[in-house]
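Each in structure tokens, the structures are laid out below.
Both complexes below contain subunit A, partnered by subunit B and then by subunit C.
Then we have the complex of A and B:
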């Protein structure tokens, strides 16, 4: 089965030749229908830029997008006209954003904003679009949906607004949903509700989800596959169980170590240092300066992708050492 | 909302009261004998006496004020010293040209400047943006009479498309009336357009970088829909504010333009009255203008609710 979304060697740079920022470098992944891929990483690692590049939402002036392949359902997104992209957006590929407080238009009613998503892509009457909007709100389990249709965003809570965002994104039954930190701005309880709602809709509608998050708890809950990003690159990618059980990159190891465990009395591992500047294109491992496994070669020689086992790959010349360390920790806990 | 309107009108009362007192005292604050001031330099003692009697200047100040209030409550603004016509009627006669000129000017300004501001923001730094910048320099620095006479020279004298000057009342036909208003309206709207376009531009610039604009693009909305439906409605409050204030200023009369095009509006009434020291007219116009300003401000505030649903009265 061919992949729904196929991204190969995607690079995004901002700025002009003399002051270039390499936000995303050589990112490759595929996503199949009905699956969830999580992009994980710190702020500034290029997760959001990757998703914006897929949506074609990066500013035409200022951002340069290059890719060997960027295809959705077999269609090349690099050569698609702006009009074609607008057709795809909201209909085939939908997106929800981090901050539901600022992502809805304050001057338009909820009903208008959801119905608009329908009317932009399907030749339906106003009344029919409104009925569909009502339907979507019901599916989002928004109580008293009929009254909510005529309300404005400021009259709703954050959780409600994110449900509205999802209703809007799913109004045309998209094949791919890109969710950029959809629950970061919400309470933990609301967060769980939204995530289970998304998971349920994924199963019902058979859509694929590209979920961007920095929350490993969310990843464990939602992901089929994980791609860990650092400094604009995917440093490790694979099935969620493989990456969580056998992390093979110094950064993934650090990331998992920074996640609090209920049973553990150990100190939380912290990652020393900060995200590197992205003004130069680097071939060596960008994480080496912060990595506890690093050796001299890490910051001197280019690093190439290494395949571990089925679908699990990484960019780490010290993967054996990382795995050994993980194995020891597991033994220690046992 | 009616509660809000009532409340606003109530809070306007002290302002009106202040204006009334100020206008009343205007005559008495000026140094010297008010009657002499009114009568001018070459008045005979008999004339002075007559003026004192007519303006009740021979009575104590408090009772003068009371008489003036009683007058006002009957919509009587007194009589012109020179023509002896009631001031209220004089102002009323001048309202139509001024109102027509203000409406035409604002229509041209809004139709021209708002799209211009939107385009300037959408492509900031581009051609339209630079044009708006240039327009503000021209609009704010070139005097009205230069613009007016240039327009007259091109469109009336060289091309002969439009009348040189004069005002045809609405009663003589709407097209005739509008034809005479084209050039003065364009003259006035030049400076105002620069203002409105820049306010629109800066409001839009902020809005275009908002998260909800990204949402609208992610939905697949086209450019026109993005700019007009999603962005412009949010820019309504600042744009409406400057449009409203401009309109109020136009209603106060625009002296130079009215003089050049010989439009018998409020502005010329005021200037003529000041030159002739026709105090009752000056007082009446001041009172009229302050009431207009209060009314327009209230209307502008009420219009905010149309653009921003978070505002409720």
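Then we have the complex of A and C:
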């Protein structure tokens, strides 16, 4: 089966030759229709920059995007003209962001804004576009949708605005939805509403979701596959259950142990120190200085991708030790 | 409950903001709670429930519209001037955004020394020693002491905020979402630091948070707020694993699962939080409660004991055994 989105060896750097930031290095993944891939990582890990690069939204001045392959539905995005990209964005590939207020125009009604997205990509009348907008609001389970069409963003709650954003993103039936921390600014009860809505729409419309999040709970809830990012690289990638059950990179192991769980009150696993600066291109493991499993070779020799098991791979020469530690913890808890 | 005198006791406190002719936002609307020595009480709720306002009322950063706040038995609700100043020394606050809550033009050691200077504690030399000890206590080294806030990472700034709050050796720490702005790996460091401080210093703390997972790790007791009122309170174990109030149940049910194998079809709470300008009559949760009956729309429930260890719930429908009537099937 050919993938809907195919990213191979994507690297993004910012700045000029003397002050370069390596935001994303050698990132590869594929995403198939009807699947959800979660990019998970902490601030500065490169997850948002990866998605911006896919959308072609990084500024041509300042950002250098390189990739061996960057293809959407078989079409090369690297060579696509700006006009073609504009056609794809909003129609075939849609994006929603963390803060709906700053993505909506405060001076236009939401009905106008959703209809605008439709009219931009499809030759329909104003009335038809408005009907589509109303239909989308209904699907988002916005109560009293007809009245809401004529309201402005400030008249709605945060959860409602995020639903409007999703309605706008999905109005043209995109094949791929990129959602960058779509529920981070929302309360948990509203987050639960939005996540179950996104899951439902994914099933109904068969679209693929690239979901960017820092929250392992959201990953556990939504992902089919997960890619863990650290310092601009995907350090581990695989089916969600495999990654949660058999984390095979020191960083994934650390993240899972650092997450406060309501089912436990045990001391959390601490990852000492903080994230490294990205001003140099490093071939060795960037996590080694914080890693409890690290040996000398980790910070001296380059890391190469290792396949752990079916579709589960990563960049960790100490994966056997990490897995052994995980197995011990499981025994300990059993 | 232990029979000791509480560090802080809040009795029927209200905070109403006037926003127009005969219009009031009832941010906090009749709340009572106690924090005992060595105890951490978590205030949990979603945005707009009044948890931060309550924290600021206790700190006397906001005047209460009604009710009393007692610090070790002394009524501080109406204190002014020097008396208020000295009560402030007993209570210190840690804020959510560690960058916005420190002076960017002071170095780390100056920030921690400022409260000591304000209250003229010890000689300048003694203060310097105390500051170094405090910084060391929160895991900051001598090389951090001379840095400015922008030269520190988010986690280090939050450690700084904690050191400053500890400087006066206060009776109560009020922490308002102290780890919410931090990345997961840094959050774990700060949570562990707070736990160590609880154990070593016997800290009493009011911990405001929206995150049930974090609360399970730092607090002894929990009070759940909804629209300006406490709907459930009890030990952390009781509230987190045996939640009784329909709102607490929905809140905990909405927390994402911990492992993909726990995924399930759920019925998320419908609708949004009603406006605190005009809260629903009767039980404030009745407009979203799947169990609500006619009585819930008329009569306001009060907290009553259900089960042991001070587990209290404000719900008409809850039976003695903690069960609720069947949910309405209407969508």
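Quick notes on this one:
We adopt the following convention: the second predicted complex is superposed on the first by the 331 of 334 C-alpha atoms of A that agree within 3 Å, B and C clash if a C-alpha of one lies under 4 Å from a C-alpha of the other, contacts with A are read in each partner's own complex, and residues count from 1 in each chain.
Convention: a residue touches a chain if its C-beta (ideal position, glycine included) is under 8 Å from a C-beta of that chain, and two chains touch if they have at least 3 such contacts.
The shown structure was predicted, so the numbers you read here are calculated from the model rather than taken from an experiment.
Once the two complexes are overlaid through subunit A, subunit B and subunit C fit side by side, free of any clash as defined at the top of the document. In the superposed pair of complexes, A:152 makes contact with subunit B only, with no contact to subunit C. After superposing the two complexes on chain A, the angle subtended at the C-alpha centre of subunit A by the centres of subunit B and subunit C comes to 80 degrees, rounded to the nearest 10.
Subunit A has more of its residues touched by C than by the other of subunit B and subunit C.
Look at A:9: by the touch rule set out above, it reaches neither subunit B nor subunit C.
By the document's definition of touching, of the two partners only subunit C reaches A:43; subunit B does not. Of the two partner chains placed by the overlay, only subunit B lies in contact with A:88; subunit C stays clear of it.
Once the two complexes are laid over each other on the shared chain, residue contacts for A:241 go to subunit C alone; subunit B is not touched.
Once both structures are fitted on chain A, no C-alpha atom of subunit B lies closer than 15 Å to one of subunit C. The touching residues of subunit C, counted against subunit A in their complex, run 46-47, 153, 155, 183-189, 191-192, 195, 210-217, 236, 240-241, 250-263, 266, 268-269, 271-273. Listing the residues of subunit B that touch subunit A in their complex gives 210-212, 214-222, 225, 229-230, 233-234, 236, 307-310.
Interface residues of subunit A facing subunit C in the complex, by the touch rule stated above, are 42-43, 143, 157-160, 187-193, 195-196, 214-218, 220-221, 223, 240-241, 244, 254-255, 257-265, 267-272, 274-275, 290. Residues of subunit A touching subunit B in their complex: 55, 57, 86-91, 94-95, 97, 99, 102-109, 116-117, 120-121, 152, 154, 165, 168-169.
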